[in-house]
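Across the two complexes that follow, chain A remains constant while its partner is chain B and subsequently chain C.
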Partner chain A sequence: MLKVIDSAVPVACWACSVAHNDSTLFCPHCSKIQPPPESDYFQVLGLQRGFQVDLDALEREFHRLSRKVHPDRFARADENERQWSLADTALLNDAYRTLKDPLFRTEYLLKLEGAEIGEEHAGKDRKGQSDPSRVPADLLEEVFELNMQLEEMRMARSTGEIDSVLENGLVLAKKKFESLLAAVDLDLRTEWKAWDTGDAAARKTSEKSMVALLDRRRYLRNLVRDVTETLGA
Partner chain B sequence: MAYSDKVIDHYNNPRNVGQLDKASTEVGTGLVGAPECGDVMRLQIRVNPETQVIEEAKFKTFGCGSAIASSSLATEWIKGKTVSDALEIKNTDIVKELSLPPVKIHCSVLAEDAIRAAIGDWKKKNGVSEPAAVAAAQSAH
Partner chain C sequence: MAEGRVVGIDLGTTNSLVAYMQGDTPVVIPGVDGSNLVPSVVALDPVAAGGGRPTVTVGNTARKALIETPERAIYSVKRLMGRGLEELENELKLFPFRLAEDMEAGEVPRIRLGEMHFTAPEISAYILRQLKRNAERFFGAPVTQAVITVPAYFNDAQRQATKDAGRMAGLEVLRLVNEPTAAALAYGLDRAKVGTIAVYDLGGGTFDISILKLRDGIFEVQSTNGDTHLGGDDIDNLLLAIALDEIHAEHGVDLRSHPSAVQALRKSAIDAKINLSSQAVARFDIELPNGDRYQREIPREVFEVLIEPVLERTVGPCKQAMADAGITPEQIDEVVLVGGSTRIPAVRRLVDSLFHLGERGKKPHIELNPDEVVALGAAVQADILAGASKTTEEMLLLDVTPLSLGIEALGGTVAKIIQRNSTIPASATEHFTTGVDGQTNVAIHVVQGERELAADCRSLARFDLRNIPPMSAGLPRIEVKFLIDADGILKVTAREQRSGQAAKIEVKPTYGLTDEQVESMILDSFDHAEDDFAKRLLIEARNEAETILTAVERAPRSPAWAQLTGEEQAAIAAARDRLQSVKLGDDAKTIRDATLALDQATRRFAELMMEAAVSSAITGKTMDTADEDLGEAVTAPHPMARAEFK
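Moving on to the complex of A and B:
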């Protein structure tokens, strides 16, 4: 699980004992490699916390740090430093992969901000009561119908039947869900901007919207995937 | 992750899969979904208007093995119970019976929601009003 640590808490460098904030892979004073910091990915990669990320800066900093912590450079260092270069490299790769992908980044930052998302939190809010407001009700009926059609289609396929009416219906449904997915992505972008530029209250509203949008997106993505699979079978 | 034997049994031989006439006044339909995994579950009950006993229960679930097993078990349990007894079933009972791991608890929550939704729909159709149920149904919209 994520640990959110106050980055203002200083840590002493193992080599020179000078205190530094715990987000750095190298001591600013003596330049020695440090154990993997407990700070968040944004701090590790020197980025401001936000949903919109300067991808060029991310790329640059990742490559710069990757070269610096590369295990090859620590082949003759002592055991601790060798281990840290491995661990720092792994951390750096995780941080880069997470922040580069817009959806991973959104989920990661929402979790950092304390939002409960993902399967492990489902239905556990409000003391184990499920929260009906989180279910995209307008979608449910459609999702169910589509799943019925998909099942029918698979059954027809398995007996060698070709039902062109059914197939055309699914092609249309796929287009529709793909455009809904695009609309969700557009809405997410709007929320990113609102959060990055908003005050605390605006951010809370935005976080809620984003959690709901991600739920909706998961539904739609699964549907598009299932329809594509069935049509392509 | 390994499924328990009971989950596998319900998954391979799901009980009470099917559909009841949605338009009948004796039938209540609950359609619920879990946005986290994209599962969708429909649970229907046919209630004897004299005795308030659930005489028939059917489900259709699109989702993982645990979701199918949870809804299959739910229909088994509510059959033969009165409406008010069926409302006593908790998702934790399902978790225990099926030995669901923590990441699959939401499947049992979904099954409990489906029972409540189906009973709620039946009550609405038959003019049975319960302050708590009405409030819950309204807050869902």
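Moving on to the complex of A and C:
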């Protein structure tokens, strides 16, 4: 988790030693590029914390900052400047990559706000059976049936059989779960708005809903992937 | 030193080029022979009579050696860059690379060239040094900084090997740029453009597809994909295999055991391939050692059926790149074709159908020479890095890493820490701890690739975190920061957080040379001496003049001389007299210009000689007689491509 410190804490510029605000990328005194600030991704890209982001403005700001800090601008600069340009740009790129993607952004902000969420990306979503203990209650029956169908389909495939009834059933199931996924995404958007405009209490409620929605989404996505893989095998 | 020019270099599988920004236009720097392309061929001259280290030649002169002394020449070395011994099997089957006999496991493979051994980066360094010299000759000033292009799909080791080669050649590599991205830069100098571009790059040995978004001078790569072992070489090998099989079956001659005949036949196969891009039929007509003739017509339709499997291999990467960028073919505004193989009509048809071009009334961009466009783009990037230019000050390239970076987790699976197509520089921070009380070392295995199991990915390096303060198991908290820099190369730093100690990391790259090895392979460091630079230029110019004059002197003895018209012979004589009169002057440039003029006057003569060389190699004349036939004159067109000067 990212350490957020008071950005008013002054630090000394490595080049001219004059103290400056930590969140700045360039020393206000000597204009030299500074080490990456201890800012969160929203601060890096000059945004208020929020789930809804103007993507066009985000891209423009990303481009504006890239022009200033990218290593291509420091190819012939001294070692220090090249090092900080590289580190600053890595932070900027990581921030932009996280904030432009709706899911990464949601997870990131939830974590920033202290919510406990499951692991979504970073390779931890290992392939394999979805964890049965996390089956959303309203889907128990359908998931049970789907797993049976998947098993049958795999058996049929391994013996070279073509069972078009089974296949049609799976195609239908896939469609259904895909529409459930779309519904989750809609609900997430509603919660985004609720959080962005709500007070502290509303935000807490919203965060809880989003954590649950993310869990559900992850589960559904794994199901859809399993079906797609079995059908395509 | 004063900051000199930054040049852009395309270090290609088949040909290499060097370019620079002339005002606001990128321009390829020709060699002294006037040719923009330096064939990526390196050869070792026969040992001099007095002994000593043999001379290394590069380019067109070396290409001659491919046929005459194939055991002393090497081409397509780019295929070996950054690859380990166990990965070479396929290459060795298809290409006449000869490994050193005393190779040890884990060593960077060394290739035999005559009586000497070279690693792939060393051979590439000779090519780079030739390009550096061509540029220095052109500017009359030292060149020490360069941008070098690499296939977008090159992995960490292949990139590092390329950087190593630059260092050995005396070049500071300011940036490695992906080839398709460079091509987009060359086309995108017109900064008003906004839109999505796909670059389809099918070169001699590699295939890349990149999708970029252009906005106000920012070139942002969205996704890239490819195959670092797919290209025109594969097509040549298909044609070659057919010819060899047919010659064996129909004439009872197995040319496979004659390396020089195979190389000569290979040249015919390449000619046939090139002809088939503009003609409906190509012909093989070759005299065999037993006096038979191998005559074969290859209609374009047959050729296209033959190469279809090769071209088909580019489809998957293109579809994956579009999926990763989250776009459909209809959303692609422009398609740029790069690489000599995109001249093949069947490739153009494939591209048309992949990106739905024809049906949308669009055509791919082929305005810039597909052999030169990457070098031109490298020159644009060199100009961006040099700063100080109005033309490129608003331009910026944001590229991505082509492959996911992961670490091996329990059970041999891969935990991805940086996803493919992440904009670089990109970083990831991971935390590690110990499993046993008092443990002071933690080993981390870093891999690159998309597969689920570490064993199926490409091993990048094993890191050993050492000197961890002894604590109970699970207590140490070691923070490891992985950073992919703007060249696409991984850097790692580590820190033990509870004790605040910087953990010592020992990096053992799975493939590649150590710093010390690279240092020991740096080619003649005297190249850096600036004070005698002008003197060196003059000496070189005089040597070159002498070489071509000696060659021209002998020319009338060759049978090819008689094939020239009287006018051609008179032009050669005039150029020769001019060079004779200026060669002892002190102006290197005047000598060079006169040398170049003589070289151009002898061009057709040289071609006639080259044809003679090819046919004598196939009919199996001995090297001695071939040498006599050729005389020294075959070097006439490119006497100055020599890499060594005494």
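Just so we're on the same page, the second predicted complex is superposed on the first by the 194 of 233 C-alpha atoms of A that agree within 3 Å, B and C clash if a C-alpha of one lies under 4 Å from a C-alpha of the other, contacts with A are read in each partner's own complex, and residues count from 1 in each chain.
Quick note on the criterion: a contact is a pair of C-beta atoms (placed from the backbone, for glycine too) under 8 Å apart; a residue touches a chain by one contact, two chains touch by 3 or more.
Bear in mind that the values here come from a model prediction, so they are computed numbers and not experimental data.
Participant: With both complexes overlaid on chain A, does A:76 touch chain B (first), chain C (second), both or neither?
Facilitator: Touch status of A:76: second partner only.
Participant: Determine, under the contact definition given at the top, whether A:67 touches first (chain B), second (chain C), both, or neither.
Facilitator: After superposition on chain A, A:67 lies in contact with chain C alone.
Participant: For A:215, select first, second, both or neither according to whether it touches chain B, chain C, the two together, or no partner.
Facilitator: So A:215 only meets chain B here.
Participant: Quick one: is A:97 in contact with chain B, with chain C, with both, or with neither? Answer first, second, both or neither.
Facilitator: The answer is second: A:97 touches chain C but not chain B.
Participant: With both complexes overlaid on chain A, does A:144 touch chain B (first), chain C (second), both or neither?
Facilitator: Once the two structures are laid over each other on A, A:144 reaches chain B alone.
Participant: So, A:42: does it touch chain B (first), chain C (second), both, or neither?
Facilitator: Neither chain B nor chain C is touched by A:42.
Participant: Report for A:86: first if it touches chain B alone, second if chain C alone, otherwise both or neither.
Facilitator: After superposing on A, A:86 lies in contact with chain C but is clear of chain B.
Participant: Touching A:223, do we find chain B (first), chain C (second), both, or neither?
Facilitator: first
Participant: Between chain B and chain C, which residues of chain A are contacted by each of them?
Facilitator: Looking at chain A, the two contact sets intersect at 121-124.
Participant: Okay, in this complex, where on chain B does chain A touch?
Facilitator: Spelled out, the residues of chain B in touch with chain A are 31-38, 40, 42, 60, 62, 91-92, 102-103, 105-106, 109-110, 112-113, 136, 139-141.
Participant: Once bound in the complex, which stretches of chain A touch chain B?
Facilitator: It comes out as residues 118-124, 128, 130, 132-137, 139-141, 143-144, 147-148, 151, 215-216, 218-219, 221-223.
Participant: Chain A touches which residues of chain C in the complex?
Facilitator: 3, 145, 174-175, 215-216, 218, 220, 381, 384-387, 396-398, 406, 413-417, 419, 422-428, 452, 483, 485-486
Participant: Quick one: which bits of chain A touch chain C in the complex? Just the residue numbers, please.
Facilitator: Residues 59, 63, 66-67, 70-73, 75-76, 86-87, 89-91, 93-94, 96-97, 121-124, 126-127 of chain A touch chain C in their complex.
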